[in-house]
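Following this line, the structures themselves.
In what comes next, chain A is part of two complexes: it sits with chain B in the first one and with chain C in the second one.
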Partner chain A sequence: MEKNNNRLGWLFASPYLIFSTVFFLGPLIWSLYLSFTNWDLISPTYDFVGFKNFIKALGTPGVRSAFWVTYKFMIVFVPIVTAMSLFVAVIVKGLPKFKSVFLIGFFLPYLSSGVVASLIVKGFLSHTSPVQTFLRDRLGLDIDWLGGSFSALFVVAMIMAWKFTGYYALILTSGLESIDQEVYEAAAIDGVKDSQRFWKITLPLVYPAIYTTLILSFGATFGIFTEVYQLTGGGPNYATNTWQMEIYSQAFKNLQAGYASAIAIMAAVATFVSIYVIRKILEMWGKRNGWV
Partner chain B sequence: MKKKLSVMLALTLVFTILAGCGSKSSNTGTSADGVTTIEFWAAPNPTQQAYWQRIAKEYETVNPKVKINVSAIKESPTSEASIQAAIAGGSAPTMTENISRGFAAQLANSKALVPLDTIDGFNDIVTKRNMTKTIEPWEFADGHQYVLPIYSNAMLFGWRTDILKEAGVNEVPRTYSEVLDATKKLKAKYPDKYLWAKPDLADPTSWKRWFDFFMLYNAASDGNKFIEGSNFVGDEKAGVDVLTFVDNLRKEKGLLSQNVTEPFENGVGVFTDVGPWTFSTWAEKYPELQYKKNFEVTLPPVPDGMDPANAKTFADAKGIVIYASASPEQQAAAIEFIKWVYSDDKNDVAFFQETNLPPARDDVGTNEVFKPVFEKTPVLQEYAKAIPNAVPSMDNPKFNELQTFIGQEAFNKIVRGEIDPKTGWDNMKKAIEGELQ
Partner chain C sequence: MVGSNSNTKLRLSVRYLIAIVLLVIMVFPYLYMVLNSLADWSQVDRKLIPTKLTLRSYQWLFTGGETGITRPWIHAFFNSVFVSLISTALMMLFAIMVAYALAKLKFRGRDSINNFVLFHMFFPAIILIIPNFLIIQKVGLFDTYWALIIPKAMSLWGIFMYTNFFKAVPDAFIEAAKLDGASDFKILYKIMMPMSKSITTVVFLFLLMERWTELLWDMIVVRSDGMLTLNVLLSQMFGPYQAYPGPMYAGAVMLTLPIIILFIIFGKKFQEGMQFNLK
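Up next is the complex of A and B:
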């Protein structure tokens, strides 16, 4: 009986296992192998170069910037998207009806094309756009949004935040909905003031949902590409050069597939280590406050 | 037995999927009735695509044994990346146009191209089309010709003479001092206008340097090669002069590198690089822009003391290549097609007429057959005259990295005022030399 169950289990799991082998494990092993070669993507021959690609990558400004830019994006993007999604979730939860309609509205940017959003923003920030003309003529502000290191990073982070707010708000709303109303009533009887309700009751109880959105948002910063590619190309002066942008540039602009694979491996290591550390910090924070 | 069957079934499934993913066609491109099919990717420019579609149809009527499928190269994200992806994915076409010398060097280095001079009949094309001199600088370091250049644009700078006149500048400036003087007058009259308004000035994308840095550098250095083989041979004085000129324009608030829509056409800027392909767009979209009436084109401005009348400039030249992955039948059919196209001057005249791109021939400025084209669009004469002054791009396979360094280390930073010209040149030189090692 147990043997039959095992067989049935393997049978049901086999589509996923085959899919993962063909589309994840296979490419991963191939990429690892390529990272030790000098393959240029189109040449029929290539040589084994050992750790040369990794050593070269460590010394280039492109890879160094990709490493730091990710954390800079985190500092700007994560607080903004967390605050915005929490705000949306609290507002939507308080609505008397049509909650799901509003949530779908906020969720739509997540489904929209990053290319289209970036192009719209690009037009919006054009020197001759009505917004820029207004800022220049009425307020005397001539801002080169995509030309300044911080402003370019901020613009990309804001597009990302706009895109992800609705998605994270969905998770947070479900967290808020799971809080029993009786908890608030009991707290009120115990003398908890309205101003303390969020910090003393809502936040601790919604912490598992916040934890999920934080991990997702930290993770999202490692995958930024479309917005950066469309708006800044990684510039100015590497200020928005993300891991994905650097991998793309090396593989498809400079035709260095082997070298790009080495950067991709480094990006994967940086991502896993960073997410692991962030998870541990969040768990410690939750435990210290008695939220988990 | 059942276990063996299950294992075999699973393995068959995996290998079927893998085979489906990785199978390569063994198609030679020739059908049972002897018709060879060629895939020809034309430049992503409507006029060029229309020209090649028409020519292909004409060729099919005189040679029914060849079928030519003409389609535009996909520009997503760039035409170069589309070609690379096609080669990597085993679906490269038989031939493409729109190939620069630098990109051809990359492809040739990866053994993706057919050395055209090894194919019978190639020399006949060169002789028949009168392009012996034009094709000379296209020879690669290994002594082969991988590209048949089809057009050569000697890039020129356009000036909005109407706005300059309003600002009190009656002659088009030709030297650095004259340009700076014109900038001062322009800003005094119109503080919101710029001499050179172009977001590309601050963009490190490699090919963008052809239309700013190299145009000015070729003029300032009298056509210095910049990179020769694997050596950096840049003229430091000329390079620093160019960067200082750009820095001075910035100090006079004459540069705008923010995103802005068609600044020259809309009068936000009064100076910009202009290729001959622009004029058909202007004729449709900006008919008010009339040559000699409100705009002029000139060779690039030069440092004081140099002769502006004979300034060198960048040659935006592109050509046709044949891919090594094509079958021998397709390669032979492709070269026969090219031979047929260039055996008759009328095809080059039509190309010039329809695309405004000067054919890559030694006699484009002197051959009477091109007279009607110049009569119809007089500004093209300036481009034809400038062909001898035009320097083609480098043929180094690392052109992409090398030209990116020019922007990242020097030009873009100067435009933003982040670095001084000498430091910019030194940093760029160091980065380029490091990459060339």
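Up next is the complex of A and C:
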């Protein structure tokens, strides 16, 4: 079976090759080129401006916020979604019946559009809503959720957590299920107490699955757009201004295609480097605890 | 093992209770959406559980309400169905073809293509949005269905999933079929596809859902009212139509329900497929 299928192989792979040339490689080079120009998306001519766009970007609040907001989202979103999905997975795993019904149920939020989630949250937190009325009349709390910098960030992070919990719980449940029941029995004989079971046995054994969900959730924070676009437009005062939001505003609202391309490249570099560093840290952390 | 029988029973009931409470909290936003879409307009966003129900919001939606356009919501719904189904079908077709080549055909350059797909997959896509938009504009596809379909016709994740799955299929199947004189097309269609039913369900549902809820791309490449997808229409009405929250919820139901129904229909196959790809 050492026959080479050169022709057929290239034929079958050709849709991808054509697609990636037209919509990936070409645009990549074009984007690099644009980032050194002052093109405004409309006029027929534009000038080559060197590194001006990059230098300008470093000093603007839009880009600075885009850089920091991603990490602020991580600090709020990742622990919440990890704790929630781990809790759901541990609870659901021990159910002898209807386990899949529960898992599918928890998974449903993942199917919602960011627009729909934003719509519900906006209504739920509107001035006349039952929640706000209750907080105001009973507890004397008048919170402008989307008007405060931290609360706006928190609301968006909670929407994301709502959306991803069921998905990650599915990954964690299958991680938990791959643990052999005999491990627990052996540990019980060795004198591991019930209260230590989770930390000493379950957590280390399920770490590969947790690692997967952590990488996914860190990665997800770099792609936040819809919820922020719908709910806050990046505000208040850039508190929720993500990379995607900043690029969208600069390119399609302010029509600064050259400048926006420079920001897009900075965003890509920040994303690449951050994910790489996070992976390394997680691997080191896992190794040091003897989990990997 | 430890404790009496009634003790474990009690523990299990507590576990079920927690699971149910958690599930209710998690699906509550959906319930809130459905209830508000059916609530009398005086109660929308004012009651946790509305006491007066009406179909007025849906009526408003299906007749076009107070906009000038006739039935924009129904039109947008069909745009979404059309665009999502065709894009997803193409994504599936190409993913299967390319994955078969990468997993089962021996040809020069295969490893390079494989590595390139991985690189492409992990590349932050945001950098490409401006030039891709410009390509669509330059070739005159702006504001057409093609703009919504062609750049979204390829899924790297789909290629990746199928490549992994096809690699796990023993070569012996293929060799046997070859001895019987089957062509590669026939092998793909008659052997590989029937074997990959559950993973096909997972890939199809994920891709369809992602395409169905896409916002940024769909928002920038079409402009005219008749071209909008449902997600974009809902997004555009978000601000100006705050005076009509009821119909907005009805629109949200219209956008959410089809995908949920599909997942529930394919629930079992979806679970099997997930189990495979999580291993």
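Definition applied: the second predicted complex is superposed on the first by the 275 of 292 C-alpha atoms of A that agree within 3 Å, B and C clash if a C-alpha of one lies under 4 Å from a C-alpha of the other, contacts with A are read in each partner's own complex, and residues count from 1 in each chain.
Please note the rule applied: a contact is a pair of C-beta atoms (placed from the backbone, for glycine too) under 8 Å apart; a residue touches a chain by one contact, two chains touch by 3 or more.
Fair warning: this is a prediction, and the values are worked out from it, not measured in the lab.
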Chain B versus chain C as contact partner of A:Phe272, first or second or both or neither: second
First (chain B), second (chain C), both or neither touched by A:Ser31: second
Partner chain(s) touched by A:Val63 [first = chain B, second = chain C, both, neither]: neither
Comparison of chain B and chain C by chain A residues contacted: C
First, second, both or neither for A:Leu176, with chain B first and chain C second: neither
First, second, both or neither for A:Leu86, with chain B first and chain C second: neither
Partner chain in contact with A:Leu255 - chain B first, chain C second, else both or neither: first
Which of chain B and chain C A:Ile210 touches, first, second, both or neither: neither
Partner chain in contact with A:Val155 - chain B first, chain C second, else both or neither: neither
First (chain B), second (chain C), both or neither touched by A:Gly235: first
Common ground on chain A, meaning residues reached by chain C in one complex and by chain B in the other: 22, 122, 126, 128, 229, 252
Partner chain B, residues of chain A touching it in the complex: 14, 18, 21-22, 40-45, 122, 125-128, 144-147, 229, 233-238, 252-255
Sites on chain A touched by chain C in the complex: 1-13, 15-17, 19-20, 22-24, 26-28, 30-31, 34, 87-88, 91-92, 94-96, 100, 102-124, 126, 128-130, 133, 162, 165-166, 170-171, 174-175, 178, 194, 222-223, 225-226, 229-230, 243-244, 247-248, 251-252, 257, 260-261, 264-265, 267-268, 271-272
Touching residues (chain side chain B, partner chain A) in the complex: 10, 13-14, 17-18, 21, 77, 81, 84-85, 87-88, 106-107, 109-112, 197, 202-206, 256-261, 263, 266, 268, 398, 400-401, 404, 408, 412-413, 416, 418
Residue numbers on chain C that touch chain A, as the complex places them: 2, 12, 15-16, 18-19, 22-23, 26-27, 29-30, 32-33, 36, 44-48, 94, 97-98, 100-102, 105-110, 113, 116-117, 120, 123-124, 126-132, 134-135, 151, 153-154, 159, 171, 175, 184, 209, 212-213, 215-216, 220, 231, 234-235, 238, 245, 248-249, 252, 255-256, 259-260, 263-264, 267-268, 270-271, 274-275, 278-279
